[in-house]
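What follows is a pair of complexes built around chain A, which joins chain B in one and chain C in the other.
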Partner chain A sequence: MLLEVEDLHVHYYTKRGVVKAVEGVSFNLDRSEVMGIVGESGSGKSTLGLAIMNLVPSPGKIVKGSVKLDGKDLTKMSEKELKEIRGKEIAMVFQDPMTSLDPLMRIGDHIVEAIMAHEKISKEEAKKRALELLDEVGISKDRFNDYPHQLSGGMRQRVMIAMAVSLNPKLIIADEPTTALDVIVQDQIMDLFSRLRKEFGIAIILISHDLALELEVADKIAVMYASWLMELSNASDIAREPLHPYTKELLKAIPNVELEDQELLSIPGSPPDLHEPPPGCRFNPRCLNKMPICEEKEPPAKIVSGRFVKCWLYGR
Partner chain B sequence: MLLEVKNLKKYFPVAKTFIERLLTREERYVKAVDGISFSMEEGGVFSLVGESGSGKTTTGKLVLRLIDPTAGQITFQGRDITSLSQKKLRPLRKHMQIIYQDPYASLNPRMRVGEAIMDPLLIHKIAEGEEAKNMVLEMLEKVGLTPPEVFYDSYPAYLSGGQRQRVAIARAMITRPKLVVADEPVSMIDVSLRASILDLMMDLRKEFGLAYLFITHDLAVAKYISDKIAIMYLGKIMEMGKTRDLFRDPLHPYTKALLSAIPVPTPGKSRERIKLKGEIPSAIDIPPGCRFHTRCPMRFDLCDKEEPQLKEMKPGHFVACHLYS
Partner chain C sequence: MSLRAYVITRIFLTIPMILILLTLVFLVMRVLPGNPVIAMVGMKASPKYIKQLEHQLGLDKPLWLQYVDYLVDLMRGDFGRSMIWGKRIVIQEIMDHFPATLELTIGGFLVSVLLGLLTGMIAGIRSGGKLDASMRIYSIVVYSLFIPLLGMMLQLVFGVWLRALPVGGRIDPGLEPPTVTGLYIVDSILAMRLDSLLSALAHLALPSFTLGLVLSGIYTRLVRSSLMEVLGQDFIRACRARGLSGRIILFRHALKNALIPILTMMGLQFALLLAGAVLTETTFSWPGMGTFLVERITYRDFTTIQGSIVFYALFVALISLVVDIVYAYVDPRIRY
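Coming up: the complex of A and B.
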């Protein structure tokens, strides 16, 4: 197993009180596997992504649980040890590449610098590798000397991906990497991800609000709601037979171009304020299958025919 | 006909550097909208769909005369408004409103919700005082912000994104417009709430008999709400038709590519995929001939030489592509 996340808890200590942004999340990820983490704003999906790299920004903190990469627990490592892991073994790609790229630095140099920060090779060799990487992600080599502003949003994201793969990481965490891009470019970036996993065996965690996208590209999907992992199973199982009422409702809320005369349903209410989450199940105020117990006690984590679900519908 | 747009163009001049100014007199332009024509009936929903840089948002602003067109004609309720002065436009403004994408930026944070919605009533001298307040309360109820008295006095900061967008909708609807331009109204709204905002817009359409010019990058959303759709690319309409025709029988290679790039929540289903290379070119250097030819998988020798015109293939179904000429 490449990555084992166990009972992870992340809290933010804000002026208004403690926000429990990730609560008791566990999952495993194999080499060259693609996992989707899907959720709405405030679900904790981005915090979870950062926590895997032990990069939760202050005032946030991992308060419990472990993140093991090849058996080594990242939550117990020193900052120095973590620096070795980040970039080299786990790389991250964010939604807005412009905030991660230095506007005064040529795109080729970004990649050269990323390589040289971790490997003791000559600048010439690093440059050769950078050129190969640009080619790999579909950018013409003669753009090596371009500045970030000379590239389109899609090309900048390709540069970010080139930097991410420059050190042959085992895992890439991509947080809404295509949300700012158009569908055709999104499709191209997804093809690129799928090639990276096939050619290099890289595992990918794709964080997105877009369940349709996740269903199309991920092997398995984790559904987050209000800091909880509500459901985790194969993408095909989730599409065919979602277990959690939230996943069921979410599937009815996304438009499908393949369907004629589709009736879209929205989920009544809105996600809870995490400063004051509702008692019992966090989804209970919006749930169509609510039972009395749902308002009283936190639902147990259940395994139903090999699939994870956190809901009282599936017994105690 | 509620709205008729003929050969509408908007060119933005490109700022030149000092050296360029010395070397050349030639002005360069971003051809954001480059000659489009369409019409809208009362009570209809017409979607402009395209990638960023396609000119869809500029078109929406032109139609409302929020910016001035470079060329072309806009006729609203039978009246040519292309070159009306802002003063003469004023009485028409209450019939044409806009809803923006970002409900966090479109509302004044210092204005209570009630005041924000009442504002257009005062500006257009439709009502004031108690009467205006009652109209606002009624509108709050209609857009689902209940109890209306509570929302009337609250500030936008205390509202969720979905609730803010309802306020923006209420504000657009309070003057009972005939045409509302909705520019990506749900793209910043959480997925679980999108349908409720779209359904609200459709309910209000029925109730007030208004029409939407709906601007979106999302074909799936456009399919859900529109009667008629135009696919835009680099400032031109590539294909236009009734929603049903466009999805059952897409004609333009670009439309087909867009459709095949949309993720569909049914895994394992193999679809005909049309992959495009590259990205939408700059609107400063529009490719000659068909502007899509640089990315078109179906291109042939005519495509980079002659620009295809929008042609009616079937009643109401238009396409601009040499494959069909």
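Coming up: the complex of A and C.
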């Protein structure tokens, strides 16, 4: 097993009180496996992504649980040990390519710097590698000396991906990598991810609010709601037979291009304020299958025919 | 646009700017109440004598012709002669005093930037902590110091008690290096005179520190807020996710980005210092432009005042040109 996340809890200590952004999330990821994490804004999916790298920004903290990469627990590592892991073993691609590059640095130098931070090679060698990588992600080599503002959003995201694969990591965490891009570029970037995964055998965690996109590329999908992991199973199972009422609603909300005049469906209500989550199940105010117990007690985590689900519908 | 093309364009854009500045100075000097000739010879002079002097100075010519004369003279580097002090040549008087002010300004500027950067960086990195709070207190305290008082206290401690540093003047008498730039430090180095250099540096120490300390508080605040903003940006998080060391992130990425807005401030501050170091000059009997100009203004030495204003205007235009070029060099987004 490449990555084992167990009972992970991340809290933000804000002035208004403690926000529990990730609560009791566990999952495993194999080599070259693609996992999707899907959820609405504020569901804790981005925090989860950062927590895997032990990079939760202050005032956030990992308060409980473990993240093991090849058996080594990242939550117990020193900043110095983490530096060796970040970028080299786990790489990250962020949501907004417009702001994820240093505006004062040439894109080629970004890649050279990333390589040289982890490998003791000469600048010339690193530059040669950087040029190859640019070629690999489909950016012409004469763009090496361009500054970020001279590139389009899609191209910048390619640069971010080139940097992410530059050290041949075991895992890439991509946090909404295509949200800031238009649909055509989105397709190109997703194709690039699939190709890199096949070529280099990299496992990918794809964080997105777009379930349709996840269903296309992911092997398995984790559904998050209000900092809880609600459902986790194979993408095909989720598409065919979603277990959790929330997942069902999400599936219904995917627009179908073939149907004309289709009304866009949305889930009524909005996610809870995590300063004061509702008692019982956090989804209960919006749930169509609500039972009395849902308002009283937190639902148990159940394994139903090999699939994870956190819902009272599946018994105690 | 390449950096070179940008620099050339920017230099050409400076020409109309300077022309507007010169025109403004000309008009203001003509519009201001008070006849310079009367100021020169006094109310009791005969009208005939006044006419004669006006003719001599070209003040009876039509305004546009005076304007052309003024521009042509300036282009030849002729700033006219003093109306009071035995008709001394204005540009020479400026060159006698300006280097002293420039040297003090550079000294004070360097001290303020260094102190401000250091304290601002500490505050920005440790934002919210005790160190941050102390740096913020530092910035308020030093900014509210009164220059003559601070100067005198430093003179007392370092000059009188410790006898470590001179309390006034630019250099020990007899050690003046041969004049090339007028800046004693530069001239000493050019003349390879170590004794002159040390003396000039020692004399510069207290006035620069006085001026620099007071102004460093602004930079503390600016650097702090700018650095905090940059440190919160996405690309810094992306740098951390790439496993870059804290040192590289701070110096290669964060600080460089944080300094961009401060660069503009530095340019403005430098220009302001040039004109505003009067208090420091008086406290340390520094023979600079400040004391010189104040004296001339009291005597309504119009040509000297006009010449000095023009000189300052040209110098400030030059500084803003330099700042813009540095700006474009650091930030590629400006060039394109």
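Quick note on the criterion: the second predicted complex is superposed on the first by the 309 of 316 C-alpha atoms of A that agree within 3 Å, B and C clash if a C-alpha of one lies under 4 Å from a C-alpha of the other, contacts with A are read in each partner's own complex, and residues count from 1 in each chain.
By our rule, a contact is a pair of C-beta atoms (placed from the backbone, for glycine too) under 8 Å apart; a residue touches a chain by one contact, two chains touch by 3 or more.
From a predicted model like this one, the values you see are computed outputs, not experimental measurements.
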{"item": "Which superposed partner A:91 touches (first chain B, second chain C, both, neither)", "value": "second"}
{"item": "Partner chain(s) touched by A:124 [first = chain B, second = chain C, both, neither]", "value": "neither"}
{"item": "Chain B versus chain C as contact partner of A:210, first or second or both or neither", "value": "first"}
{"item": "Contacts of A:160 with chain B and chain C, given as first, second, both or neither", "value": "second"}
{"item": "Most chain A residues touched (candidates chain B, chain C)", "value": "B"}
{"item": "Touching partner for A:142 - first (chain B), second (chain C), both, neither", "value": "neither"}
{"item": "Contacts of A:55 with chain B and chain C, given as first, second, both or neither", "value": "second"}
{"item": "First, second, both or neither for A:40, with chain B first and chain C second", "value": "first"}
{"item": "Partner chain in contact with A:276 - chain B first, chain C second, else both or neither", "value": "neither"}
{"item": "Contacting residues of chain A [partner chain C, same complex]", "value": "53, 55, 57, 79, 82-88, 91-92, 94, 96, 99-105, 113-114, 117-118, 147, 149-150, 160, 163"}
{"item": "Contact set on chain B toward chain A in their complex", "value": "51-52, 160-163, 190-199, 217-221, 223-224, 244, 247, 257-259, 261-269, 271, 275-276, 279-280"}
{"item": "Residue ranges of chain A touching chain B (in the complex, touch as defined)", "value": "40-41, 152-155, 182-188, 191, 209-213, 215-217, 235-236, 239, 249-251, 253-258, 260, 262, 264-268, 270-271"}
{"item": "Chain A contact footprint on chain C (complex, rising order)", "value": "233-235, 237-246, 248, 252-253, 256-257, 260, 330-333, 336"}
